[in-house]
Amino acid sequence: MRDDEGSAARLLALSDGVFAIAMTLLALDITLPAGLDQAGFEKALGEVVPNLWAYALSFVVIAAFWRGHHQVFRYVRVVDGTVIKLGLLNLGLIALMPFPTTLLAEYGDQRQSVAVYSGAAAAIGAAQLVLTVALWKRPWLSSTAIPDPVARNDVLDLASMVLIFAVAVPLAFVSPTGAQLWWAVLIPVKVVLGRRAKRLRAAT
Amino acid sequence: MRDDEGSAARLLALSDGVFAIAMTLLALDITLPAGLDQAGFEKALGEVVPNLWAYALSFVVIAAFWRGHHQVFRYVRVVDGTVIKLGLLNLGLIALMPFPTTLLAEYGDQRQSVAVYSGAAAAIGAAQLVLTVALWKRPWLSSTAIPDPVARNDVLDLASMVLIFAVAVPLAFVSPTGAQLWWAVLIPVKVVLGRRAKRLRAAT
Amino acid sequence: MRDDEGSAARLLALSDGVFAIAMTLLALDITLPAGLDQAGFEKALGEVVPNLWAYALSFVVIAAFWRGHHQVFRYVRVVDGTVIKLGLLNLGLIALMPFPTTLLAEYGDQRQSVAVYSGAAAAIGAAQLVLTVALWKRPWLSSTAIPDPVARNDVLDLASMVLIFAVAVPLAFVSPTGAQLWWAVLIPVKVVLGRRAKRLRAAT
Amino acid sequence: MRDDEGSAARLLALSDGVFAIAMTLLALDITLPAGLDQAGFEKALGEVVPNLWAYALSFVVIAAFWRGHHQVFRYVRVVDGTVIKLGLLNLGLIALMPFPTTLLAEYGDQRQSVAVYSGAAAAIGAAQLVLTVALWKRPWLSSTAIPDPVARNDVLDLASMVLIFAVAVPLAFVSPTGAQLWWAVLIPVKVVLGRRAKRLRAAT
């Protein structure tokens, strides 16, 4: 017996809220203490630069997850208990992102920071992967079924994110800088899979 | 004379906003001070673990309340003054959750912390219980009446949460650890009532 | 020439967002420093009580403004430049509320704190009053015109809030406690006008 | 081949969320430390004034960008990958605004503060300009095409903001006060272009 718990609208509203807040809280760490003298002010301003870089990185990561979330829920009209639970799990991990971001900004040279960051991104990717598969296997929740090749490409995209970030966890203990460079492997992977997604959607 | 104050859409948008922010602010406490040395960094990173645990617990609690809220408002189209007031009261208690969460993370061994946490969760449960009953008694606000067995099961679910958390308040003063273990009673209760809800909804 | 800038949906989404965040941030001040000993913990927990009281008060104030906002925009479908500007001004003042709330919680015995709080609440009331009148005078923005007696009652409700909070500003400099007691005058006024609103809406 | 990624509704929900949070977080900086004595309290209260001024300025700037965003997306029904990416870039810059605002409030006499603030506002303007042009060049995403004169006026409005804030960056290094006065040039420019926009919309 198929069991649904009503319209997807509120899960999406909650999700957009959590994504929006997580995105904005990432920037809260970019701040200066009050009451510095001229030299202290200039020094503190220079020290903001790694925070800006960590902010930009995490914003891009969360934005990429949001875009995937938007894509995957595109035709979903109704949600059931499993989708709600997986969606909430995903949000619980998204809401954590400000912590590894601060870690990377303040202690980016520490092996643990890079490992925690990679692990957090891999965990969000894994949660979103399970959610994507769950929606794909429940076509009755959607007004239009996502064609199998498109869904397979979405799964491949998330699986590659999970794989790359998961590999970066042990790598960070060998070389924190190496692990951060390894993240860049995601760029060509995302470009290729993004173009493929576009082609597949156009073909259907 | 029945008096309504218009569409439920905005109360739900406000509610999803407060739930999303409360969920995300729970994680704000998971942070490290800047400028620690190697040993201090590793020590501080280890001390983050109870915060993560408290975060996970509170996220699950708020997520469960959100799911109940979603369920109860499923068919509600219009709200009246009483529903708005009860809904706002509920949100005012949800917004407080980051405080007991921090208390539990930083002072989890203190009797007062466990008592305050249990009391806060019981209060949210009680507010949501009153809201659920109010909606059940006002079928004219909904497009479809929730069948009585489903509504009774929802009330039972919330009442069991209130009861378990309320009992934990005095229990915390006897043994903080015992009260936290007692919370685990909720797991089988929620599983049984969740399955029952699913069966009842499928039967209608 | 009547000029509109499109659907009211996004102004309401932005408004619900700002109301939700302001409500939730009010509670951020309710917190304990980490690392206290047993005695320090109990003392700090006791000192949280005035923060809880200030939170409850501000939550009720913002919730009352939200309810009024919800009421006034009930039938509004389209907004013009003036409504957008007044709506944004209102939100800019709502977003400030966490500051006077903290002031009241930490320095409630100071004349300036009570004066600033009263002034902030009066300013929000005044902005919402102007917004209410602007919408009343632009029936073409709404799907249904709010009947004049209902609109007049809404204006009276807001005007009484503005008046009571504005009188509290100078009063606070005479007696901070007296000004806080004076706020309680709002309770019977709101009850009477709320009942009148209900009766007027039912009559139309 | 035209490729779309579904309804604009969620990008707008995310955007309204980020705008609402950025607006509200601007005010978080307006705060007093706890535990001050009478003299310290009065001094700290006086020092809040520049924060209030910086808050008001940034609120007006973000509100103006929100109004432009609202205007530009007025008829947009569907978004494609490019619009999503540009929209997210815009939000990433909006979310940064609390930082230059704090800088201006705490170190408004420093050349770098005024330069960073001007640069941030110019960057948001530039991102919104590119987004506006992208939407203008994709009429198939909208239910109604924005008439060319209206779109050209929107572009002119944003271009003038970018120009004025960009010029203020080097100017700040000559004279921080001069650069802040230069910002005021925006007031007549916005008034003239706003009236022109109203006239153009009315004419179509």
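Going in written order, the chains are labelled A, B, C and D, and every chain counts its residues from 1.
Throughout what follows, a residue touches a chain if its C-beta (ideal position, glycine included) is under 8 Å from a C-beta of that chain, and two chains touch if they have at least 3 such contacts.
Note that this is a predicted model, so its numbers are computed, not measured.
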item: Chains touching both chain B and chain D; value: A, C
item: Steps needed, at fewest, to go from chain B to chain C via touching chains; value: 1
item: Relative to chain A, chain with the most remote C-alpha centre; value: C
item: Equivalent interface positions on chain A and chain B, same or different at half; value: different
item: Magnitude of the superposing rotation for chain A and chain D (Cα, nearest 5°); value: 90
item: Separation of chain C from chain D, taking each centre as the mean of its C-alpha atoms, in whole Å; value: 26
item: Whole-Å gap separating chain A and chain C, where each centre is the average of the chain's CA atoms; value: 36
item: Chain C residues counted as touching two or more neighbouring chains; value: 13, 17, 20-21, 25
item: Chain B partner contacts - residues on chain A that touch it in the complex; value: 1, 3, 5-7, 10-11, 13-14, 17-18, 20-22, 25, 81, 84, 88, 91-92, 95-96, 98-99, 102-103, 106-107, 110, 112
item: Contacting residues of chain B [partner chain A, same complex]; value: 12-13, 16-17, 19-21, 23-24, 26-28, 30-32, 34-36, 38, 41-42, 45, 48, 55-56, 59, 63, 66-67, 70-71, 73-75, 194, 198, 201-202
